[in-house]
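The following blocks contain the structures, represented as structure tokens.
What follows is a pair of complexes built around chain A, which joins chain B in one and chain C in the other.
And then the complex of A and B:
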């Protein structure tokens, strides 16, 4: 039995790689079946998934509440936007790396004062940061393009990919498809990295710091450095997600990152499940198809979607979902699955022990 | 004297104070809730904004300014009490992230509902006093009857809250319920009722701040209070969240810092002034300027 366990530990990275690859390939396959509109929704969802992964890591695993991840996302988005605006020929991977580093740096700057704070102080501090980002982007017009933002060249789809498509809209269809596939691929890689980080030595140290900081200090974990690291990692993921979002939409504006984006990110993470990997993906999927969801609810309740109330339905639904989830199912959708599994396991072990008595 | 009042320096002092008293009010309302229930109410600004919209609607029906203030405050207080009973009470004793997340969600709901009812366009409450600045030999003094009213009203509210806490039986019960709930309960204080009253009081103070902001030039729109809430939080945190005096001082300080950065450094950097002040203050005194140092219990 022990032998089996040790085998499993050695195999986990490879197993993780395998399962993430399978998931990514399934997502790519699905993108071929979806219409172009759904493809672009999927691309947005993939970008948001990356941001939620970072947020889930920060709040769920290091126990630090941040409302600033939309700010980190904006930093990454602007880093990518400003660079690609001036250097249109740079390979995409370099733009992404640059945005990730920019995000990480902003995370480090915010972490230095923030990691000394706890709970509500920390939440307020990070909120202040993300609230300052939009006016800053509006003010430094020469760099950020001000209110109107920056425009980039849209992604160029390679010609071999366009050959898969036929019909009058072949190029448009191929573009939507290519963008979605690229986003899914980046999200898949990020997911793999985060999955490894969750189960690494650092990840375990992070959880110990969250649950019992005195014990963590006693076993030689540097609290400040660990908490800072959590911020830097979360911010770099947010930066990458923001860059991907920018590249997908080929534009970056201050209005993309309002304060409500922080609420949306938090809602998606809580809905999916705080501190779970699958929860981040669930959150991303909900984000991608939230417009359809809102349309559906509007149709169900008979609210006119063009009316004033209909236009604000998304905010009402997301906020209400956040409250209800937190009060009635704080573990989110992924947590519900885990709870069912645990229940089944305990029932099975109870059965096994009762049969042993017989 | 007149020349001094019209100087650039005094311009910034008056501008900073006028803005600072609003931050102080919001910070004070946050501290009242924090003291009693240890919840940072992220929906504080939005709740006040909603109450002011109700008051504004009554002005549209031909009600005078003072009725609008009273209606806003009463609606705000009712809203605060209901929020505590319905949303916050189930969360006592839960991890501290739960009330934060719930109130952030509530913030989203209130703003969306407000935009749904009243649209997102900016509305104005006519100012009750003239907004024309005084002059001294052709030079502006950055004070108008309205600014003086604004500062006086804010100070009046602060004194009222201070007197309530210090000199009334209710204030004593409120403080007892916040400081030692178990002992207070044994001595016959209805602790849960005190918490509800604390929330009502706080929401009322917040509503006054929102009415002042909406009067005159700035106007009222659904996301109006986001920035003010953040500023109020920074002010409260600088003062140490536990201390009403600290909150008021923090608010005035933030107003002045913002104004001076705007005037002497760069308008572009001004949005960051709150973050800068908070970082500096927390580096120097992480437990806040006006609180006694308390070791965190393990």
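And then the complex of A and C:
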């Protein structure tokens, strides 16, 4: 666990890069052990992790609430999808960059009016944005493919990767493996960049604005610009996560990004721990395997999964978990870990001082 | 101190009026702070001291009149431009960032200095990290200078009020200001802390001008070079403490009321 400490403040970028690489390689190794279904879930979880990183930055660090992140995801997803639809041979990295920039631009557009708003008004404004995105995608049929969305055969697993796993004794599903590994890799890079941001001067500026805006201005912070930057960063991460969705599924449809996804993102962020890097990963993992949890609980309680209750079980469980987290662990699962560590430390020092008295 | 007519003031308010609807909060006030001078702004509650401070800081636009920083080569400034121009202000109470450590609070005082942009931050480029390290040791040195280094890792809400005020001063000093605006520096401090603060401010005058708003006359009188007395939004007297303490208008308006 010691290398995890290097993710914190005073370490060098190189140390941070090393520990993120180790984490990424571990995740990649795990993906090879998992069955294809779990690999696909892992890919989705990795994409969501990227979005939560951005959301955690926006809410936890800059102190601005957003219910618009499913909208930013949709922008990135459609940017990637529309581009790939017309330019089949573009390298993936370019598609991802394009989607990130598209997300950032949408964040900028939303931020300009939003950064003048606070609390519930800001939530309402961003909510309106994510509510508007789905109908937009449904109606501009010639560009977005309308209700049915776009199918992107060009985004299938690259042949070199398929070849790699297509021996006579191949036991690995190349498609699921590819999506999982690609998503984990992109999530790893995003994690590294966000870890840098968290502990940088820019990250500190965000927390100053969150804690005390008058004092922040007096140390030379332009409030509007800083709040806008927070949105742009969050939206670009959401855009990248959305693009990853498109690539993983080789399709993009309006139904993938409903308003409720924004709420789910918020829930996952709170469960993991607001404003923490590890919280975003925990949120992603919960998201990835929440379907299994739901199946399990349906089986345990004997609820028919196709019934009205069974179909809404995820929402019910997330809601209950959210309430429990808010009451018992307001800093989320990541915060619980930190609290346990602190407790052990104080107990150790208490023991040390009592033995010193002896 | 620095009374030659050629010296440019660090801060200069000229004929400043502020009107809130029908209320005239400041009525044509003028005063200045010269380099390395300590000026006290006093007056009874509601006299317009805080409004005058807010006008100087750009939080409040004057209805008429001008604010300038001649010695800094600046006209009126927005709040977010102050730090870069060399003006630091502490807030009434303490105004710290409550979820950041004391050390980070102090480091944030130097945010207006160049330290690399967004790319430096997101990529964690070495020169940005180097500057952060430099800043951290400088903040530590400032805390040591004020004798509160052992609180570096604490959260502001968990430490004594007097220490919080020092942290707030340390943060202001990190901006290497030429003009320091102190909003009620003495409030909530005990005898020994007051003495310490007065000593600190006297030391600071070697490198900056100080303008302070204060209620505590025992604290202000021996400390300042000049007093500006406000009442009902007007400057009723300006002068050295000894002149002011024998001014009848002032005694009637302020000192007399205070027994």
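Keep in mind that, in the parts below, the second predicted complex is superposed on the first by the 315 of 358 C-alpha atoms of A that agree within 3 Å, B and C clash if a C-alpha of one lies under 4 Å from a C-alpha of the other, contacts with A are read in each partner's own complex, and residues count from 1 in each chain.
Just so we're on the same page, contacts are C-beta pairs under 8 Å (C-beta built on N, C-alpha and C of every residue); 3 or more make two chains touch, one makes a residue touch a chain.
Bear in mind that the values here come from a model prediction, so they are computed numbers and not experimental data.
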Mind working out whether A:348 is in touch with chain B, chain C, both or neither, as first, second, both or neither?
neither
Please work out whether A:259 is in contact with chain B alone, chain C alone, both, or neither, and reply first, second, both or neither.
first
After lining up the shared chain so the two structures overlap, which partner does A:217 touch, if you call chain B first and chain C second: first, second, both or neither?
second
Contacts of A:87 with chain B and chain C, given as first, second, both or neither:
neither
On the A-aligned overlay, A:319 touches which partner chain: chain B = first, chain C = second, or both, or neither?
first
So, A:136: does it touch chain B (first), chain C (second), both, or neither?
first
Given the touch rule stated above, what does A:125 touch, chain B (first), chain C (second), both, or neither?
first
Which superposed partner A:296 touches (first chain B, second chain C, both, neither):
neither
Contacts on chain A seen with chain B and repeated with chain C across the two complexes:
214
For chain C, which residues count as touching chain A in their complex?
57, 59, 79-84, 88-89, 91, 95-100, 104, 107-112, 115-116, 118, 120-126, 128-129, 131-132, 171, 175
Inside the complex, what are the residues of chain A that reach chain B?
59, 65, 67, 113, 116-117, 119-121, 123-125, 127-129, 131-132, 135-136, 139-140, 214, 258-260, 262-263, 266-267, 270, 274, 308-309, 311-316, 318-323, 326-327, 330
Considering the complex alone, what residue numbers of chain B touch chain A?
34, 39-40, 42, 87, 90-91, 96-98, 100-102, 104-113, 115-117, 119, 223, 226-227, 230, 233-234, 237, 241, 267-268, 270-272, 274-275, 278-279, 282-283, 286, 298
Chain C partner, complex, touching residues on chain A are 12-13, 16-17, 193, 196-197, 200-205, 207-208, 210-212, 214-223, 229
